[in-house]
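Just dropping this structure here.
The chains carry the letters A, B, C and D, assigned in the order they are written, with residues numbered from 1 in each.
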Amino acid sequence: MFSTLIDQFWSLTLSGIALGFIYVLISLGYTMVYGVLRMINFANSEIFMFGTFATIVISRDFLGNVDGTKSLPLPKLILTITLCLLGSMLVSGLVAVFVELVAYRRLRARGTNKLATLISAIGISIVLSEFMRIITNSRPTLNPRVLEKKSLFEIAGASFRMDTVLTIIFAAVLFVVLDRFVKFSRLGRAIRAVSMNEDASKLMGVDLNKVISATFLIGGLMSGAAAFFYTLTYENTKFNVGFTLGLAAFTAAVIGGIGNIRGAFFGGLSLGLVEVYASSILGTEWKSVTVFIILVLVLVLKPNGIFGEAVQQTRA
Amino acid sequence: MYNVLFVYLAMAVLISIDTIRRDRIQKGKDQERYVQERTLLGQKTKRVLLELKNLTITFGGVTALNAVNLKIYQGEILALIGPNGAGKTTVFNVVTGVYRATSGEVLLNEQSLDGMKRHHITKIGIARTFQNIRLFGDMTALENVITGTDVHKRSGLLGGLFGMPRARREEKAGRVKAHEILQFIGIDEYSDRLARNLPYGVQRRLEIARALGTNPQLLLLDEPAAGFNPAEKVELANTIKKIRDAGYTVLLIEHDMSLIMGISDRVAVLDFGQKIADDLPSVVQNDKRVIEAYLGVPADAS
Amino acid sequence: MKKIQAGVIAALALVLSFTLSACGGGSDTIKIAYQGPLSGGEAQTGIDEQNAVKFAIELYNATNPEKKIELVSADDQGDGTVAAGVAPGIANDESIVAVVGPAYSGATIASLPYYKEAGMPMISPSATKVSLTDPAVAGEFGGPVFHRIPATDKIQGPALGKLAVSGVAAPKVFVVDDQTAYSVGLVEYLLPSLPKASLVGTDSTKNDTADFAPTVAKIKAKGANVVIYTGYYSQAAVLVKQLRDAGYKGIFAGGDGVLNSEFAVLAGAAAEGARLTGATVPLGELSPELAAKFKESQGVEPGVYAAESFDAANIIIEAIKAGNTTRATILAYIKTVAYVGVGGQTISFDANGDSTLGFINGFLVKDGKVVSTGAVK
Amino acid sequence: MKLLNRLREGNLRDWGASFWEQSSPTKRKVIATSLIGFAALAPFMGFGLLDTPVSDYGAVLVYPVGMFILMALGLNIVVGKSGLLDLGYVAFFAIGAYTMAILGTRTSLNTWEIMPIGIALAMLAGLILGLPALRLRGDYLAIVTLGFGEIVRISALNTREIGGPNGIANVPVPPSIGPIKFSLNDQKAFFWVVLIMILLTIWMIRRLSVRRAGRAWEAIRQDEDVAELMGVHTLKYKLWSFSLGAAVGGAAGVLYASKTLFIAPEMFTLNVSILILACVVFGGMGNIWGVVLGAAILAYLPERIRFISDARLLVFGLALVITMNFRPDGLLPRKKREKAIVKSTQDGI
């Protein structure tokens, strides 16, 4: 039962961390929006999905990369990575802003119930994924190989591949940048102000619409970055790619304490690790069950997630 | 293969057992309290209804209440005053079980309320209103009050579903009682209107009516006169007196001094989470520390 | 208030008037249905099959027969739940005399009760689940109405096992399924056929997994040199890529779920050398001229199961040609048919509905193309 | 434009309610009976505009239309009445269906005998899930219920003893009731059973709405903290709400298994939960007639527009977005009128 885990521990850990960082970025999309709106952005998985397609379109159609076994030559490689990363972030960011505009803004202006907004978000999520399904004929789409999956170096049997290393470094950097940004920039402060008290921040002269759009944009940018690293690593995508990943990332956000940026970091990483360990111990088929049981346990013990704000209130 | 399932099942079972056990214990405690209450009600002495003993509460380093001692006697109106942020509403929140005390305790009829669930506290006789009105807006005025009266009903969901005699009886009695309370407060004419469509003043009074619906021993009123004009305030003062005269004990948070001085039997003053005075209105009015607190003497000077 | 009332009444009247105008009667056409996934994630399979059925019908109608045939598309999304809604519609439409399909086994199981009750003759070009023609499995057995062209997983399972380990001196086999009914069913027949003690491990992965790292780790830990994946092509492509990237050098094999030209495209170089099986032969291989004609009339290349779908449709067309226009007579005709298919072999059905073809073809991914390597013997 | 405004602002529900209140008891009886009669005749209206292409109209009326209405009403107790966001409702449906399939194929019990067992098991599952989960609020509850739904489905998928991914086939149809036979190619009898179950559920909800339980739910939905401070035992009533919702879901599951004769885990995915939730919100959360209408439309629409095959779901998604943006309270919103529901208790509803 534990033989695979022991035998392949470091290699499993490494892939768990790489997967975890992708979760971190996607769950930032959920957490940012939740922070300001107190609402699950159901369309985040589709925002992610558009990012994966953007990466492929840029790499394959604009840059004319074709699938091969070797890495691209260095200049082209850097160009591809830069353009794809930025393009993917941009597309996801724009889709996120579009989603806010179409599915959230009007309902928010009317101040109506959360559930109507949730259904509206589910609706736009169906529209986006169906749109892509029809365009791609339900087929998976290939991302041409950009990086050879060659081991750079090995530590205790875990081979550090270029794509893994890139994902981990970039994602960590992005996370730190976001964290600083929200802490210290003017917009970041406005976002935090809104997430603490919407009415008060309105009185203080914060343009609510702008801040919320910006929040969706930032969340989208993060999901877009995740989409790029995902496509770089797994090299294909499909119209429904966001569903499973989105669900996992949302779970990660909740485990960490939704609305809390550092919680998303912790939640994403631990979920990535739990998934690979659970798969190797209990069998891959019990992976999601284990994840959800852990979720339930965490929430029963810490109802606001591990990093959630500690509200000193008794509970029902 | 199945260990995962077992873990979940075991967890669920444990939690269920725990909840049921806790409920059981709570029920037992309730029963005891009920009996004691009854015997105490028999003695018509001026006795302590509610007591705060050394009550301290801190929020992540900030001390909201600092070793507050306060007694409320049966049948009086006690006003709790103090500058903004002094901790008045915090007292309400601790007494009604919203916050847990960091140390110290709250006693109702000499019974600690510590660890008691909020609805149990209501059931054994403490009801409150809210500073910012929190009615059930989609219910009618009458339904709001009936919801209050539901606390003491003994028929449950199935009784209601299958129309058991007791459920019918209690349902009818609740409606009658709610009408009585609305009449008592003087807003029965609004009984069929949705709460959120009611005029502001009526909403404030409806909150009182809803709290009275739970048949409390102690009624907590959180700024009931906020936003009232002088005429309405006079009317409210009369209502509160009427409530006291009907045998309820009232703990009142208010900013309007004339109202307080007019109706209170006693006044307690909080400042920065500490009780700085507790006496007859006329005495408190001339207390040096109270005047300082209200005039806003710099913090370092106090 | 009055206005709303009037509006409601008007709307009701409108609906009623539409409701009462019943639709038109019949003509001298006769209808057959194709049932398979025409939308949803599996749509390509259904569209490919339906094109072949269309092609067969167009060829027939072009001969100006007495009774022209009209095709009814029944989209079940390859999903049992949807199929249970679609099947009664087909079954209750008296003008439909036969069904080509359903394409998928799960949808077939869900549809069967309705077709059995209606006595609807069915010929499936691609449903390979064993129990569909096994009278011992009550509730899933399709007799007497169900027939199919391809060989079942009972034959495919062992063939896949044989193909996967052929030429390997000391095979260490690792089997991965994708938790679908098809996949698990195939594994059931695959495992017993493997050489003794060659099985080193199994794993089940969800059919939308992106990250196979735990599975790959297991495969490496067990030192397997033959990996058999019984799921579908898109996941197979992801798995084989991750395997190769992790340094796996052994054989990768898959069943008819993986058998798709897209597999080679998606997996790229990693797919090279992969061994696949399927109860089908590419139409182009059987009859290049027919394939060319197909391309001309349908505008696309014939897809997987084109030959089988074409044969299935033609058997029904033969029945109609012979003057059978009711479900009962067509069913009787199918029971005794001896039809020479595109491949030149005679197709007839046994008492349980299995065709006499009973072959499994082997395939190899070579230079980015899936090429047939002939029947697995 | 005026018409658009009227459509947007109009509250047919209030109009209906005041109409109902103004009617005499006899008139009400006549209206109710004729409405039920009309609904019972629905299986005979499957031609012309109402007919569904490809799918059989009679079958569509049972599943999805009837079943969705039933489940949406059940979920409405949880989401609409008590304001608890449940994204795992399909679990109870699955438990009912599996109870029917397992007991139906392995014992000699028939559908009607299994029905109470299925309901009881679903309620038990509701309790087991509810005890830990209902301490959570809002979105946390949503994700835990969602997880529960997935756990049930994946456990069924991974358990070979109940068929694993193969599911269970050969589930028996219900035995005849007198002259009414349950036949697959003529599903009128199934529809009538669903209709009776729907009516029972409506009866239950209407009755509880004007009683203590209904007020408790309403109070919890509007302000859980205040409800508790007003003495409502919130956990108890939330558990009731959960298990009553589960009971309806379980009952629907039992009938569903007995109607499709074949069930598999793939039938109980998260999408079903979301779709049912969409029915509730789309029609008008908390309002029985809104939920019925919403479920009927959302279940029927995709079948009706099958001819646009590929873009079907796209249109469905668009319909959700547009409707929610223009009618956020649903097609028939909950009551806004100024009349105490309590009053009608005097007439003994």
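Everything that follows uses one rule, which is that a residue touches a chain if its C-beta (ideal position, glycine included) is under 8 Å from a C-beta of that chain, and two chains touch if they have at least 3 such contacts.
Predicted model only: the values in this text are computed from it and were never measured.
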item	value
Given chain C and chain D, the chains that contact each of them	A
Pair exhibiting more inter-chain C-beta contacts, A-C or B-D	B-D
Rounded Å distance, chain A centre to chain C centre (Cα mean)	36
Inter-centroid spacing, chain B versus chain A (mean Cα positions, whole Å)	45
Between chain D and chain B, distance of the C-alpha-averaged centres to the nearest whole Å	39
Centroid spacing, where centroids are CA-atom means, of chain B and chain C in whole angstrom	69
Residues of chain A whose C-beta touches two or more other chains	283, 285-286, 288-289, 293, 296, 300, 316
Residues of chain B touching at least two other chains	1, 5, 8, 11, 15, 97-98, 117-118
Residues within chain C bordering two or more other chains	43, 179, 204
Contacting residues of chain B [partner chain D, same complex]	1, 5, 8-9, 11-13, 15-16, 19, 96-98, 117-119, 122-123, 127-128, 130, 134, 136-140, 142-143, 146-148, 150-151, 153, 155-157, 160-161, 163, 167, 170-171, 175, 191-194, 197, 210-211, 213-214
Chain A contact footprint on chain C (complex, rising order)	40-44, 179, 203-206, 208-211, 213-215, 217-218, 220-222, 234, 237-238, 241-242, 245-247, 262, 265-266, 268-269
Complex interface listing, chain D residues touching chain C	6, 10, 12, 15, 45, 47-52, 54-60, 63-64, 105, 157-158, 164-167, 169-171, 183-187, 260-262, 264, 266-267, 303, 306, 309-310, 312
Chain A residues within the chain D interface of the complex	34, 38-40, 102-103, 106-107, 110, 112-120, 122-127, 130-131, 134, 247, 250-251, 254, 258, 285-286, 288-289, 291-293, 295-296, 299-300, 303-305, 315-316
Interface residues, chain C side, partner chain D - complex	1, 3-4, 8, 15, 18-23, 38-39, 43, 72-75, 79-81, 84-92, 106, 109-110, 113-114, 117-118, 137-140, 179-181, 183-185, 204
